[in-house]
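The same chain A turns up in both complexes below, where it pairs with chain B and then with chain C.
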Partner chain A sequence: MAKRQIKASSLMQVLLRSNTRLLLSGVIAFQISGMLLLAMKTSPPDWQALLFAAAMPCASAGIVRLFSALWKVDRALLILMLFLCSVSLVTLEDIARSAVTPWQQATHMLGGFLAMALGILTVRKLRRYEKWFLPLSAAAVAGVALPLVFGQWHYGAKNWIHLFGGVSVQPAEFGKCALILLLACGLANRPRMRQCVVPLAVAAALCGLLLAERDLGALLLYFLVTCAAYFAATGNLPVTLMGLGAGVAGGVLAVRMFPYVQKRIEVWQNPWSDPLDKGWQIIQALIAIGSGGLFGMGLGLGYPRNIPLYNSDFIFAAICEEFGLVFAVGLILIYVIIILRGISVAMNARTSFHMLIAVGVVVLIGVQAFIIIGGNVKMIPLTGVTLPFVSTGGSSIISMMGAFGMLLGVSSVNAYDEAEDLKRLEWREANA
Partner chain B sequence: MRRIRGAIRAISVLLLAAFAGLILYVGYSVYTSSSRWLTSGYNARLTHAKRTVRMGNITDRNGLLLATTDQDGMRMYSADPALRRAVSQTVGDTMSMSGTGVETFHAQTLLGISGSLIDRTWQYLTGKEYTGEDIRLTIDAELTSYISGLFPEGKNGAVAVINYQTGEILSMVSKPDYDPQALVNRREGADENGSGYLNRCLQGQYAPGSVFKVITLAAALENLPNVQNEHFYCEAEQAFGDGTVSCYGHTKHGKLSLLQAFSESCNVSFAEIACALGSDLLAKTAEDAGFNDNFRFQDLILYESSMEKGDLPLYDLAWTGVGQGTTLVTPLHMAMIAGAVGAGGIMREPKLILQVTGEGGIPRIRTGGGIYRRAFSDSTARTLSDYMRYAVERGTGTKARISGYTVCGKTGSAEISNDKSVSTNAWFVGFVEDERHPYAIAAVVEQGGTGGSVAAPLAAKALKMAIERNG
Partner chain C sequence: MNSDLYTLVSLAARYWFALLMVVTVARAWHATRVDNRRARVLRGWMPETGCIGEFLASGARDRIEIRLPIPREGVLGSSSGADIQIRGRGIARNQAHIELREGGVWVRPLKRGIFARNGETMQEPFLLRDGDIFTVGSVQLITVLFDPAEARRGGGEDPFGDEERLWDEPRKRSAAQDPEKRNPSGRTDAADPFFDDDALWGDETEETVWQSGKSRHHR
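Our next item is the complex of A and B:
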């Protein structure tokens, strides 16, 4: 009997391990089949798609192996994120007007893996985090303020800075990682009301800067991440609700003050009143979503380029058209699973600092995905943020992967802590 | 730590709820609105698809071919010019001039954009020309052509005939009409009358006039307990608030029962009823019957019937009860209201598509349809039938009688201007009280005169033909 039980438990372990392997093979199958399909669309076959078909599985398997060997990160989370990246590359290879776009995206993702490693290391190595609060805050405020000084207006916002060599970055994207870290540093260990004031003031300052730059999407994200972190850290519901209320009041005020926001809301309520100008984007997105039907037009068979901004803000609509509603809902579910898994990482963390980091990242990814998907399907007014890991945009990809790295870092710390526990248990049993 | 975990749990519940809402919203909006999105004129995909896909056929309920695509990919409509004009707005055209037409609203089906995956794969593998799906309408084209011929020469207006037990639309006539074939050939003057592309059954928003009294009567029956035993005194006109309500042709009806007031279409009595009800109760009954609802039917676009809500001044309320306020109705909706009376208060969702057949000849299963809402309670519907029957037997609607069948109905002569220089819109709404021939009708002849003399005989002939054609 005893023997059988051991067998059962070892079988369980095999299954659990093979689950992530199964998941990874699924992702790889998606990468290969998607890219091969796209390669075969032209004759002679598109070499770039073929290259992707070969390189993506290798990169994915390598990254999973490397990261889990080095730091014991949560494989399921990592593989799900890799799936989102694959969806991004396949979709871009399919719809982007120039072949450079998926190529650039892939390079950004490689940079993103470095950022991810950096995120993991930061979380693993950061010990006396109270000390890091001030430098981080200073860096975040300075970074987010940069476009105000050096930036240029772009799509009605001033959130870019152009570096030499034609490279331009969005500091607000990287500020997200900094915000999560500084909030975790400042709010860890059950702070008193008084101690919360400074971190919240820094967050408010960042929000103010974003308002000045008219980067309302980022502003919304910063605000919600701050609220969530504060609530998680203190459990103080009344103050959190007051904060949210103040945010809503600010939103109402913004609608009154900025005709730009007012226009967004009007377009959201009835895009058909001005279908050729203001409502054009959302109407084209809706048409694309509708033409996809349940199973999509098929790769390379739709016309997603009719949607403006089809590879950044409206990539979800493009995915709906090419892959169909079933796949799109599946994509949303992937975000849901990432959230669930991320929450369980947060729950298993041993220190409040790590918990806050994990929660911050989960809320960031969840809210950002919700805002842009909801905007695409006309559930909420459109706010220009990227679909995490899917939309184009170097700053966004790299910073999002950096943030994700922090979440993986927490999972890695958890894994080491659990291993430590097991060792201790064994030692105790051996010495009992 | 435990407190943090609790907070995290709360946050995750919020996030998950948001995503659940998102998924439901995506599914719901695609399910209910995707055909509306696709058929908007801003969809460049349809124009593209039309060049590469062989568009499916449209037939009427008896299999009569209404639109097809010939060998050269040219769209062909029925060879009978009178017939193709009669169904022109219902079927639509290649140029999407008639935006509510099947050719436009169901373009994704005809072009096979929403076709089944199996069909698409099969066609892809066999390399066959990609064809869309065929649509069989609930329309009886010959009946439609007949009714179109009945329509008074040179007048504009609409006639909608439906089966109130199933919701199937048998006929939609909208005058003036146009020649879709001329549009294909890009001949000039397809729409020689200027407004032929409009399907007045679906898009024409008319002042209802006295046909609205069906709603006022229903509200009275449901909310004023003893109203059936009351009597009204009509002195041809009566003051309400800061104005007067007068009867059509300044007729002095004298002492009337409710039944007589309805069958004689006495404005003064109904203005009094409306004022006794108040605007809220009247609006509630109207909204139960589908007013102010942004109809989102699967098969067709129907413009809404609108009625003003909130506290109306007495004078406005009085005229609203007579159907002469700011209230506007679409003819198909009026036919649905008449049908609901016939069906014991149940209003069916209008059905225009009988069947969709894919490449393999296998009819596609269509979901949805069925009951749209309960418009009246069972007993109210029965009493309404009695009143409408009396109106046709003894009242203003005697010309709507059909020998051998019982017709229930209501006439209307809607004023469309403040002076008497313009002739009234002639209305008739009604239904045949018969298990085997459950047909309801709404007919409106713009500036045709009185409902009793113009619309009622038209409706009688149309219903008679509908009965004859379906044995």
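Our next item is the complex of A and C:
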């Protein structure tokens, strides 16, 4: 059958990108209305909330415009991430005990935008990526191992390092970005089995270090990201399933060998067996989620501070109480849409290196959101990971935005490649 | 604001926030569907999307029988999973790996066998050049690179280094032809009609952005 002849001009008619103005307007409307409502909660009005009501829309519009103009990133992805950040700031402005907490979160977000820009530039500029595998591996292993030597025990895990000035850092969070990059560097170009050994060994070493630090949440993330990257790189389903099976076996072994893991499973199975001690956290979270109903108790009218760690691990439960189930389900759908768009970015990537980066970031965001939301609603045992872009935590938000920047970088590379293809089509018509 | 009034306003605002969330999710879903359809249309109309050239496979009578797009990265061989699938006698399942890197298009033979370029048997990785004639098993391939300047030999121009150049016209093969006069779309600048940030806040609809043909993104 003869191929239909098409003109570039006709093709361009149908190739318009989606209009994201309404999406951005919705985000800005949420920011302004949320912060203005919180400002009216006290008398005189809370100047901090008023400042946020003015600054957040300007920052959002400016960032979308700047990143789109500089690097042609996926605007819808960027706006959805900004929406999640807005939910975080509005919620913290309402529920945080200290007025400093939302400021700290906003400051961390500003650092996160710099990390995002760095992530975009890294993906766009990185050329001889195979040469970066060893330095990245060394940096990742050294970074994740630091808490074992210099770290402090914090909520049952030794994964924090306290620096000068009261600043504390969680190296495992930044290790996620390094893991995604080193797996992309090591597994690109359809590696054979023996070429996969070294990257997988590095990932296994990182998992071993996290096990020693008892950071089970990060361990689970690292493991699943590695399995996903291996499968995306090789398409070898049997070996991937064997790896997952080994992970499950390791989990069963951990339950039998480590008492703290057994306790978490017991609390998850029946929190009411010890409601005033070990089960207190999950019970308060469930009560909060139930109290919210469909539309929530109202911004500023709930009692989320009854939930331990309400601003980090259980912020989803606090959101359910304040904003309701409709809003919470919408939040989950936002994550789903981010994952779907990320998968599209991965599928449209022109090289396996970029594809693996996109896959790694998407799996990281998706699995982390699933783990923490599942833990909040008692679907799975609770682990100490944060809700991406929403929970407090400087290391978490900066590293997650850096990883998101890598995803945006791949979308930017895709956009430039696509424009080049269209220009080439146009040129060929002109010279036919 | 007194507490009773705030309670009333906050209770009413619950529905507003739920509405905003529904609108945001709906709009985001719509945008995702539009962009996915866009990508599908592009792949359907331009099968060589993302390709840097093509191999012209000639048969027994030296006639061009088939055109094989060369992707930026892929495997050439006879297996069904190969990116450039060539079936014939003496062709291995994974014969060679092709990749566009800094300096040009590199070909790395994966299997020992009949893999000759311009009559010379190749065992080590080498740079692909426009016009190279390969013999892979019983099949002869002629190399056509869409933009040979991108694939200059060893230490040449980084195909991704100059982002400004990506928005320029591809280099012409014939100096006699003037693309500015023959461009059917009417656009002669380096503008991309799909990244019109001015339309973010302007009154123009999606349909008018690309029709205007104005240089809004000239860099």
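Heads up, the rule we're going with is that the second predicted complex is superposed on the first by the 414 of 432 C-alpha atoms of A that agree within 3 Å, B and C clash if a C-alpha of one lies under 4 Å from a C-alpha of the other, contacts with A are read in each partner's own complex, and residues count from 1 in each chain.
Everything that follows uses one rule, which is that contacts are C-beta pairs under 8 Å (C-beta built on N, C-alpha and C of every residue); 3 or more make two chains touch, one makes a residue touch a chain.
Note that this is a predicted model, so its numbers are computed, not measured.
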item: Which superposed partner A:340 touches (first chain B, second chain C, both, neither); value: both
item: Residues of chain A touched, compared between chain B and chain C (which is higher); value: C
item: Contacts of A:303 with chain B and chain C, given as first, second, both or neither; value: first
item: Partner chain(s) touched by A:331 [first = chain B, second = chain C, both, neither]; value: second
item: Which superposed partner A:378 touches (first chain B, second chain C, both, neither); value: first
item: Which superposed partner A:425 touches (first chain B, second chain C, both, neither); value: second
item: First (chain B), second (chain C), both or neither touched by A:40; value: second
item: Chain B versus chain C as contact partner of A:30, first or second or both or neither; value: second
item: Contacts of A:133 with chain B and chain C, given as first, second, both or neither; value: neither
item: First, second, both or neither for A:366, with chain B first and chain C second; value: first
item: Residues on chain A lying within both footprints (that of chain B and that of chain C); value: 190, 235, 295, 298, 333, 340, 347, 352
item: Chain B contact footprint on chain A (complex, rising order); value: 190, 228, 231-233, 235, 272, 275-276, 280, 283-284, 286-287, 289-291, 293, 295, 297-298, 302-303, 306, 325, 328-329, 332-333, 335-336, 339-340, 343, 346-347, 352, 355-356, 359, 362-363, 366-367, 370, 373-374, 377-379
item: Chain B residues touching chain A - in the complex, by the definition given at the top; value: 1, 3-12, 15-16, 18-19, 21-23, 25-27, 29-30, 33-35, 37-38, 40, 42-45, 48, 108, 113-114, 117, 120
item: Residue ranges of chain A touching chain C (in the complex, touch as defined); value: 6-9, 11-24, 26-27, 29-30, 33-34, 37, 40-41, 43, 45, 64-65, 68-69, 72, 74, 76, 79-80, 83, 124, 127-128, 189-190, 235, 294-296, 298-301, 323-324, 326-327, 330-331, 333-334, 337, 340-341, 344, 347-348, 350-352, 413, 415-427, 429-431
item: Complex interface listing, chain C residues touching chain A; value: 1-2, 6-7, 9-11, 13-18, 20-25, 27-32, 34-36, 38-39, 41-42, 45-46, 48-50, 71-73, 75, 81, 97, 99-102, 146-147, 158, 160, 163, 166-170, 172-174, 177, 179, 182-186, 192-195, 197, 200-201, 206-207, 209-210
